[in-house]
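Heads up, there are several structures right after this.
Here come two complexes built around chain A, the first alongside chain B, the second alongside chain C.
Moving on to the complex of A and B:
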């Protein structure tokens, strides 16, 4: 009930706020300026000449950015949805039950995060070739699950480690069907985890390059493919323009889920409990 | 009390790529016995997937809009340009397909290629070969010219078709550096007199490696001593001198040589920001394009070296397992045409030097070639051509790159 102010904690908050702004908000600003610049040289604070050339190219058919935006959104949403579908039961098993070989399974799930993608991607390519999944959107969605699933599963197992299944028993004993139990009891309890894990999954899928290029075989062009072309060739103006479009969905999703991402949310607190 | 257990099934709708219906021309041998008209007929209504470096909007526009337009309007072929950051990525796709036994349904129909990647394709049996005489515009190519018939010292043997020629050139900012060094020995002296004003991208960056080869040629007392197969004894002798020169230079480089830019893009950024005074690139026309699109200061000027700069030819190649070989052949023929090479040579389009003999083109094309006004800031082609140096065989190149990393980069 006390209302005393915790000054050290508050100044820590202000400090972390400043750090966050410097790291997350400031870097895109030069990128945005670059997208309208025609040359921007040291020591000018702002470009001397401005142009819409980069944006004109970005929205042209040649660039294909808009088509690729939709396909990238679709792939990332589908990969996120599938990650939730697999990650929630997997996280429940890992977080709530003890079974033989659990450590091994955990290691397997973590492996894609530890092993560099490039080391396995050629092997995956030949497996997908064999299964006829290369050059298709389906194939790209499925291959994105490899890097997205560890995040989803880890978050969910953290959630389930702090979850009391007795609530479910109670609901069942009061006559709720298994589906109703899941819908009214389990789901609300694990929702923060689904949102945080889903956000991770979406952003991880959103930023895939080499997996998309190899499995998509150039028929499935996602935004990172277009972006890296220009980022690696030093075209800051076009990189800036495509980059602005590239960060939009991330920002939208971040804003929509912001309230679940605060320190008080169970999802964040559950980390490290696995 | 038992209750009926309901299971909820989640269904995901996944899109499945449509199957193409036009003629499959994966069998390259069968095409060799056909006439050009037959090939055009087979290719009609098809598509061709061309994988190429995608980091230049002007090149992308030339390919997608100009070349793609011709293919659509005159041949009813859809060109799908696939932009990539590194050609080795595509070579890996083809290699992976070969290892997985995909011999007729490959992903890639054509690649913009040369050097090391070509060697990999040729030696790995990944290229479709022996078709060049089919192309009507092949008569415009001078296969007797060794710099066309050899790709970085590897004989082409009908496995690829030349597209453009290019030559290494330097760029200085006339506002800050009026008299740049015009040969490798001058450059070495200049760097020592102007500490912190020069650096080069660390090999294996493509352009950085070419710069190191210029120093290597200088240390060898001329490229004549290095032509042909890799010679270990020669390499040991020349490389020792080269590393000595470059290590002596290190303290005078940008940031005392403690670090090197890792890409040519980063190098050009340093130049654009006036952190260093000189830059260079294998694409001489790039200076004009970069001034126009604002990457470089307008006071930039391209120039060649009096002891020569290295030149090469770049090509297009058709993978052995391309299912659209007929359409790829039509595309190669269009690229070789006088009209397309002329458009590519226009300074506001790309400014790339033609790989065909302009003398062999139609009179009106010839006249238009003569009318081309180079961007004034681009090193004059004649000046560069006068002192053109050949590329070494890929075995030399990889040895020099490795040697630099071990002895200078460390």
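Moving on to the complex of A and C:
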């Protein structure tokens, strides 16, 4: 094949690549600009005056953004921790053993990945009302387990499928206690899975909206709820600043894990939920 | 300890959470949609909520709109994602950066993307300003309504923006696992580029595309905050309508909200059935 023949196709490829990437990075950019803009009205392509007012307001005590940030971090950390605690054993059972009814169990765990939150959260709200869990942080953490736990379990099941349990038997036969075996043999081997799965479970919880809105009942205001409120009240500058804070953990986590993210790792499945 | 016991113990906490919270939530929703809740004195189930929503034209408009949003977003995203994966599987200068940018918006929540679409495509948004600069329009209202519009264009653009990398990353990994040998063989046997794509590569990546599409369809059918922000007032997307009914001051509307939740759940059950039938072997850790 001559290079000449390839040229139009080649430039078409480059062009569509550029259009694709531009389109993908475009949407957050106006939020970033708005956060530094002092009035930015039609038909100005860029703001005429720039200011840090929105950022000062965002970090002031009156805005409630800082409180909301801490609540969101706490809820996501707690949901992640519980998902690891519960998801690692379940992932071990599914990844390492063949047993009767395994396909059914996998189906039960898969169901919450596909069924949207709105379909289950109304029923949960009725139950939580009786249990006094509505409008509480505890209730919100519990309901966040619905998207985070299946995801953690699926990631760990993939890790355990490639895990060799013979090392545990050797440690045990050399006199290590079950706890020591777990701590010194099992845990280091599955740690990469726990870290990657945990970081993305954190992001899954971090991005929940409707579950928090209903169970939190307007009392538990996480960052996305605050962001939505500012966006619909027309405070574009503050919306922009909160939006920038809100996307930061995701970008940091992507930088940390970029090499783990081929589509074949179970971690990518979680993106369907973010 | 026997293996059976061990497996049961390992699975118990996860099953407890999923069965109690997830399936419990579904069951209670189902019961309430039939006005059946013995604990608050509702002991006689009936079909009132279903009769009421099925005789209201708003429900049909809402369902059709939601289906249109989910279907259109999924089809456009899948096609573009396959195209993007075909581009990205080649080697070229700056591939690492391009891959990073491609994955970047996987981590950006839908809500931020939706606000971005609002600032880009509303009638006083960035593109309207560019149009004014180039003298294509004189005032904001001359710019076509792309958000809050009856065809949900803004919502679909947001989903496509977000889901192309999601499906793309999965398809790209599939393509890399398959390699280019099969296509080379087809080409050397005289197949055209299109034929080797259509009859060799496509059948091999199809299960991956299908499983990712099912996740995307279910998500876009059931998401609340994106249509709540970018959608028109009437008709509202089904999840938005269900939320409005549920939080209505008139408590009688709650069973109707539950009935809508049940309808969304049934649709997803059908999707899960398709998923299991056609993508079963991908379940283990390969969502």
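FYI, the second predicted complex is superposed on the first by the 198 of 274 C-alpha atoms of A that agree within 3 Å, B and C clash if a C-alpha of one lies under 4 Å from a C-alpha of the other, contacts with A are read in each partner's own complex, and residues count from 1 in each chain.
Just so we're on the same page, contacts are C-beta pairs under 8 Å (C-beta built on N, C-alpha and C of every residue); 3 or more make two chains touch, one makes a residue touch a chain.
This is a predicted model, so every value here is computed, not measured.
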item: Touching partner for A:207 - first (chain B), second (chain C), both, neither; value: second
item: Partner chain in contact with A:15 - chain B first, chain C second, else both or neither; value: neither
item: Contact breadth on chain A, by residue count: chain C or chain B; value: C
item: First (chain B), second (chain C), both or neither touched by A:134; value: first
item: Chain B versus chain C as contact partner of A:256, first or second or both or neither; value: neither
item: Touching partner for A:52 - first (chain B), second (chain C), both, neither; value: neither
item: First (chain B), second (chain C), both or neither touched by A:42; value: both
item: Partner chain in contact with A:78 - chain B first, chain C second, else both or neither; value: first
item: First (chain B), second (chain C), both or neither touched by A:228; value: both
item: Which of chain B and chain C A:238 touches, first, second, both or neither; value: first
item: Contact residues of chain A, present in both the chain B and the chain C interface; value: 41-42, 85, 122, 125-126, 130, 210, 213-214, 228, 232, 236
item: Chain C to chain A touching residues, read off their complex; value: 3-4, 6-7, 9-11, 13-15, 17-19, 21-32, 37, 39, 80, 83-84, 87, 90, 98-113, 115-120, 124-126, 128-130, 132-133, 140, 158, 161, 164-166, 169-174, 176-177, 208, 212, 214-216, 218-219, 221-225, 228-229, 239, 242-243, 246, 254, 257-258, 261-262, 264-265, 268-269, 271-272, 275-276, 280, 283-287
item: Complex contacts: residues of chain B adjacent to chain A; value: 3, 5-6, 8, 10, 12, 14-17, 49, 51, 53-57, 60-61, 64-65, 80, 82-86, 89-90, 92-93, 96-97, 99-100, 102, 107-108, 263-266, 268-269, 272-275, 293-297
item: Touching residues on chain A, where the partner in the complex is chain B; value: 37-42, 47, 49, 51, 53, 57, 60-63, 74, 78, 81-82, 85, 122, 125-126, 129-130, 134-138, 141, 177-179, 210, 213-214, 217-219, 221, 225-226, 228-230, 232-238
item: Touch list for chain A against partner chain C, complex; value: 13, 16-17, 20-21, 23-31, 34, 41-45, 85-87, 89-90, 92-95, 97, 99, 103, 105-127, 130, 142-143, 145-146, 149-151, 153-155, 157-159, 161, 203, 206-207, 209-210, 213-214, 224, 227-228, 231-232, 236, 239, 243, 246-247, 250-251, 253-254, 258, 261-264, 266, 268-274
